[in-house]
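Chain lettering (A, B, C and D) follows the sequence in which the chains are written, and residue indices restart at 1 in each chain.
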């Protein structure tokens, strides 16, 4: 007889604060954050996670919590977990850690989530110049389906996934991160320093001790101080995986993570009930608390065997993912295109970011013809299972990006049709809208010259 | 009784030169290129097309034709076709033209194609700094499947599609194109003028009378001269559709194109047997001659009804696509990730183009561990049905792009596996490689500072 | 704020006996079994269920419990549930009850199941003349995946579903059932009385008070006695749904059940982690305890609107099902064919049952060439996600049935291949087998003349 | 350079009669029908085929041709083809012949088909007691799509396939066929002799020289006479493949056929543009002329290696099929159930044929509520891509069969919905119906006692 139920290696209680959990959480990447538990190769185990904000966003009727959200406090991760083989020998630097997602979902009793855009002065989002307000939509789950009182007329099955899954960096890799991001923050690239001024947000978020949570390292100790000053923020995805936000990384998927420290020190967090490619509104998935049931395998020497460094050191590697057959499938898609000409009509050069921005804007405007507000469409495209593709990246000067939306998530037929089309909006009665705060800042009077922002 | 067989409105003979075809071809966009035929709403009709080079690339054992290819001669398009409704009233500016792809394929008797990279001094490609040589692989078709003597061990079903489908621009739209591309070519954007010097290729290809083919307009006439000086090149996708290279635009798909001139003046070309998202090697699909069986519907006033201008004029619109249920489907995918840190280790800011470049490079290196040369992997990822996704575009400073490869196209299991992995390459015997020319230019001694190129 | 978590309307405790549960279970269909709870249209609610035997089959190393299983005790159902609309008005006879399966799965802490064949003298199975022994295989769940120590080399995602979902019959419908089944049991049809003798099993299981469990009706009371003598057994599917064993009735599916009594009186049970079409080994799914999260909608007058009686009365109807987009999908299938010629070489006439028996036998023999025992293959085909199709039913005298197996559930390539095929079995080392009891009965010396049994 | 275009080994001209073709056709199975051409392992070749009637059904406005069709003349097959390996050594008895379907489709210029039911006195069909008239619907093809003027409101992509693909039987196998079918025809099985009387059709179609076409054997010669008296009819599927009517046997599929005679002698015919599982109306697919592009591989000794005889001799084998990833996929299905209780309300015992009949009848009645005539629904379910499943075959006394229809083939939403349902038929205006002849026979006054017919 096998043990029937996965061992819960990291429990969380969503009624408690992140720093009150039985096993302490962390919100930085650093090799010296101690493992909170051991897991053994082949064992199926369960990790529970608070939502990325640790409960600071409420299931209520206001977006004020979003507007004032302190973004230095992101993301609360569960772990690190030290991975050992069946003989007790830990994963070693140079190994590859295979993490299979056997199951996952919302935490029982906490079956809801939210999608939001930040205020332009506090975080912004991919389209913040168009949508400067803080907004929020609440989603409720009916089993595998999500629906929102703030975005009526859509209901879709979730492709739940962890936004963040990563191993701890080595000290050497951490230094590489800090140096390259500091260089960007301080000197920018191209015109980007100008952009920072216009956008009110830094080009990179450098280490800071502010709101730093380091698991079992007590705040205020010298050890805490040292690590807090060095530890990398969790916002971007990097060589260790991290915040990669791959929307299909759901049940049955596998992640192959490079191992940089003994034991691998695996951390997970930022659970999403569903996300669109790009997670465009920034707080853009259906953010929730949740659980993962995982199984690990150590591929000894797998980094050398399977990964090729792409940069000055052997540490410049990337994880690999394997998407399995177990996911919702859609048959029909409506596809919006963007080219790398920005909203001012200016031509950029093979810039996929500009092209994708255009594709998303085109889709938002299209959906607004079916009774949705543009904010509703923006949040929806951020969290529904839409696909963002780089369709053409070589035909100068235009990159072509596409955004494909599965048509069956809507309760109306959203395809273009001839005849019988009412002149006005298709939905005439007043529908609920997203929760919204006012924007108190100024919008740039001239078009932002930075195509890629 | 209905007519059983689609009417062939544009026949081509691949044994003849592009300018010798019964109905003349064209390789520019201009409102004054006359329609070669009328088609009626609801009618299924057939359009045949030469390959994009008009037969200048051979089914032979050399890449010399690729190295010396005159790129001013692209692409040969069939059409324009004037679309009228059942009463004979043509499509009008402001309408939306729905074009359904009822069927498509290679031309009988010409069932082969090629994938290639251009020499870095003559066109280049997405990864030209890494792969500066001209290379070529020939593909043969076994019904719906393609295989290549130059890339052994793979065989996959084609998702055949037209690389180019578009309507004629109005004069006003054409002026917008020419002005914005001229601005880019002359003044660049950000650091991009520097890039142009380093890359030996222009940032945009402006109108030129050289090698200009304008259908029924005889070369050398005053009319020809005027149009040739104004007409837009066909390389980039734009507001009229054009070279959008959407790999899933296959059987059962629909294209909704804005109409800018009376009759719509629909043109198609650049048939692909298969393509990966991004078409990264530039001449990157399996390029072939082919046929389309199309059916049109005119959605009167559809531009106003369904499209929203995104720019200074009402002409800044984008086409919409509808992808249907009829395509090969794959269950298992291996996914490679790239972040916006370039090969020199330098940090860029939310640059999806850099991230995608990294994802492609990672995938190429990975495949090279299974016995493929890197050139083979580059060409393969350019033409096989792989998906390029913008996974995260908001987690500064790193955009995350992913490249997903269906595992079943390989005749070996390419997933990472523990144990029993041979130290050396998995395929020890000498395998055929791509056709390759030498590169006679110089590679940049310093890293290219332009992230997006 | 909506209630986040589905209300548990029927809880079960698998450590208790079926008759000790908080809300009593039942194992018969009868209009007078009282509802144990009300549920409201639109509400998401949770029903928990013991496995079909109520815990009489163990996670152990013996098939003795299967051999001696008392089959008069089947199946333990949860419910009945009385369904009311938002105004409290119950579903009425003539309505259609839509039941959406929002979620489902094994009960936490009880993540295992079993597949078995009964002894030929005690229940048998589709192929009992070939496999007369009682056998058993245990399955463990790793999240969405199942694997068995008794059938090595396969692992597959579950398409979990309730084997039984049904409404209570009216008294009139119950009489129809009892009469037609009694007629069969007493007089047979064609040669079938002979078959019953040969097979040691009755042609139909008529009402019996033995082991009858009637929910809130106390055993031994006059009311119990009356109902027990009339109530229909739960073994076959009938007009009310019941034991329909539709393997794709998983997450996101909907069932449209006719309503025969006020309140509909919905019952569910017999949870399966996975099943192949036909459930051929009889105890043939991966049987488990489990939960359902359901949502109901009452379609008033829906029976008249959507169902057509097919028989002498208006009650001769059938439920309708809607299978949604949310299920594991497989790309490649190996398909075995059977025609209506039996194992003795005798020709039957368009008999799909004989044809399907042949298809299953062909598949079993084929898999036995890859190292599996035939009992392993039989159990596997009974519970893995294979498809049983009626391919041709008109080309006399042969019906053609097919059994399609998704190839990716195996850890070896099971497709026929030329060359390099070892002469002997592909797996030479001794592998674990199913648990097996001896068969003490006699096999028929002459071939069973009843094609359909 | 490889040859680009498949060699046409069997051309047909649909303007000529079957016996006037360049390479003669045949309509029987016999080892002595000479091969008309050789094909080599690995070569892609093309076989063209007339429709199964050889052009006797017209694209016209009458079903009279169906009513009077002489059914002794079926089916016209192309071939036999002798298969040799690359050294010229033919396939041998005991080998397995793998036939890959690289491509297939209608013949250019003949892009139409028909679906029909025969008169009850001349062939009948699965539901002939309910639908005794001869009926016909014409289908036209728009590329991969089919639509019918006689069944409005549906349009679907074809899953084209050959209804018949088979190898020649050996003399020994032929004798087995003839003996077992003669036994059935003469003595019936169970009550079936009675059925034959009621149904006006024979239980099996025995060899007859009438209308016998034997390829290169000239009619009337002694050789012809001998073969014609022995040769098996092509109606049923058998050990050699033959008329197996597997609807998914389309592009990318593989057939593994046993080889009984030297050279294998492969024949194909009975092309279908689309078919539902069961092909219930008998002339039930979208019947057409067509072409196949095939590639063969000889698996030496593959019969012994992969097939297990299931009967008294080593010849009692069945072919195997491999269905690939290249087919239209549907996301949503409406599923109708049938149990083995017949239309008279009589209980049968685990009879999948009765259950499937009930499922089909239920689906027909359901569709008739959406404006279709029952004849339209019957023909539609016979030819559209619906799936017929054996869902439960062990829960005595009821077999459960299901028929699943992809909802997206309809231009209206056919799912049950509450509210706003019109009292009458959904389509009020008079729609076109199928072509129909009168039925001049008598329907049985008592219910047919033969469940399986």
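Basically, contacts are C-beta pairs under 8 Å (C-beta built on N, C-alpha and C of every residue); 3 or more make two chains touch, one makes a residue touch a chain.
To keep track of the chains, here are their UniProt names: A, B, C, D = Formamidase.
These figures come from a predicted structure and were not determined experimentally.
Peer 1: Give the chain pair, either A-B or A-D, that is connected by more C-beta contacts.
Peer 2: A-B
Peer 1: Quick check for the class: compute each chain's Cα centroid; which one is farthest from the centroid of subunit A (Formamidase)?
Peer 2: The chain farthest from subunit A (Formamidase), judged by C-alpha centres, is D.
Peer 1: Using mean CA coordinates as chain centres, what's the gap between subunit A (Formamidase) and subunit B (Formamidase) in Å?
Peer 2: Comparing mean C-alpha positions, subunit B (Formamidase) is 31 Å from subunit A (Formamidase).
Peer 1: Averaging over Cα atoms per chain, report the distance between subunit A (Formamidase) and subunit C (Formamidase) in Å.
Peer 2: From the centre of subunit A (Formamidase) to the centre of subunit C (Formamidase) is 41 Å.
Peer 1: Report the inter-chain centroid distance for subunit A (Formamidase) and subunit D (Formamidase) in whole angstrom, where each centroid is the mean of the CA atoms.
Peer 2: Distance between chain centres, rounded to whole Å: 52 Å.
Peer 1: Mind pulling the residue numbers of subunit B (Formamidase) that touch at least two other chains?
Peer 2: Residues 324-325, 329-332, 408 of subunit B (Formamidase) each touch two or more of the other chains.
Peer 1: In their shared complex, at which residues does subunit D (Formamidase) touch subunit C (Formamidase)?
Peer 2: 96, 98, 125-126, 176, 180-181, 183-184, 188-192, 195, 201-205, 235-239, 243-248, 256, 277-282, 284, 297-300, 302, 305-308, 310-313, 316, 318-325, 329, 331-339, 341, 343-353, 356, 358-359, 361-362, 365-366, 368-369, 387-402, 404, 415-418, 421, 451-453
Peer 1: Would you mind writing out the residues of subunit B (Formamidase) in touch with subunit D (Formamidase) in their complex?
Peer 2: Touching subunit D (Formamidase) from subunit B (Formamidase) are residues 1-2, 4-6, 44, 59-60, 101-104, 108-112, 140-145, 149, 157, 251-252, 293, 295, 324-326, 328-331, 408.
Peer 1: Which bits of subunit A (Formamidase) are touching subunit D (Formamidase) when the two form their complex?
Peer 2: Of all residues in subunit A (Formamidase), those touching subunit D (Formamidase) are 329-332, 408.
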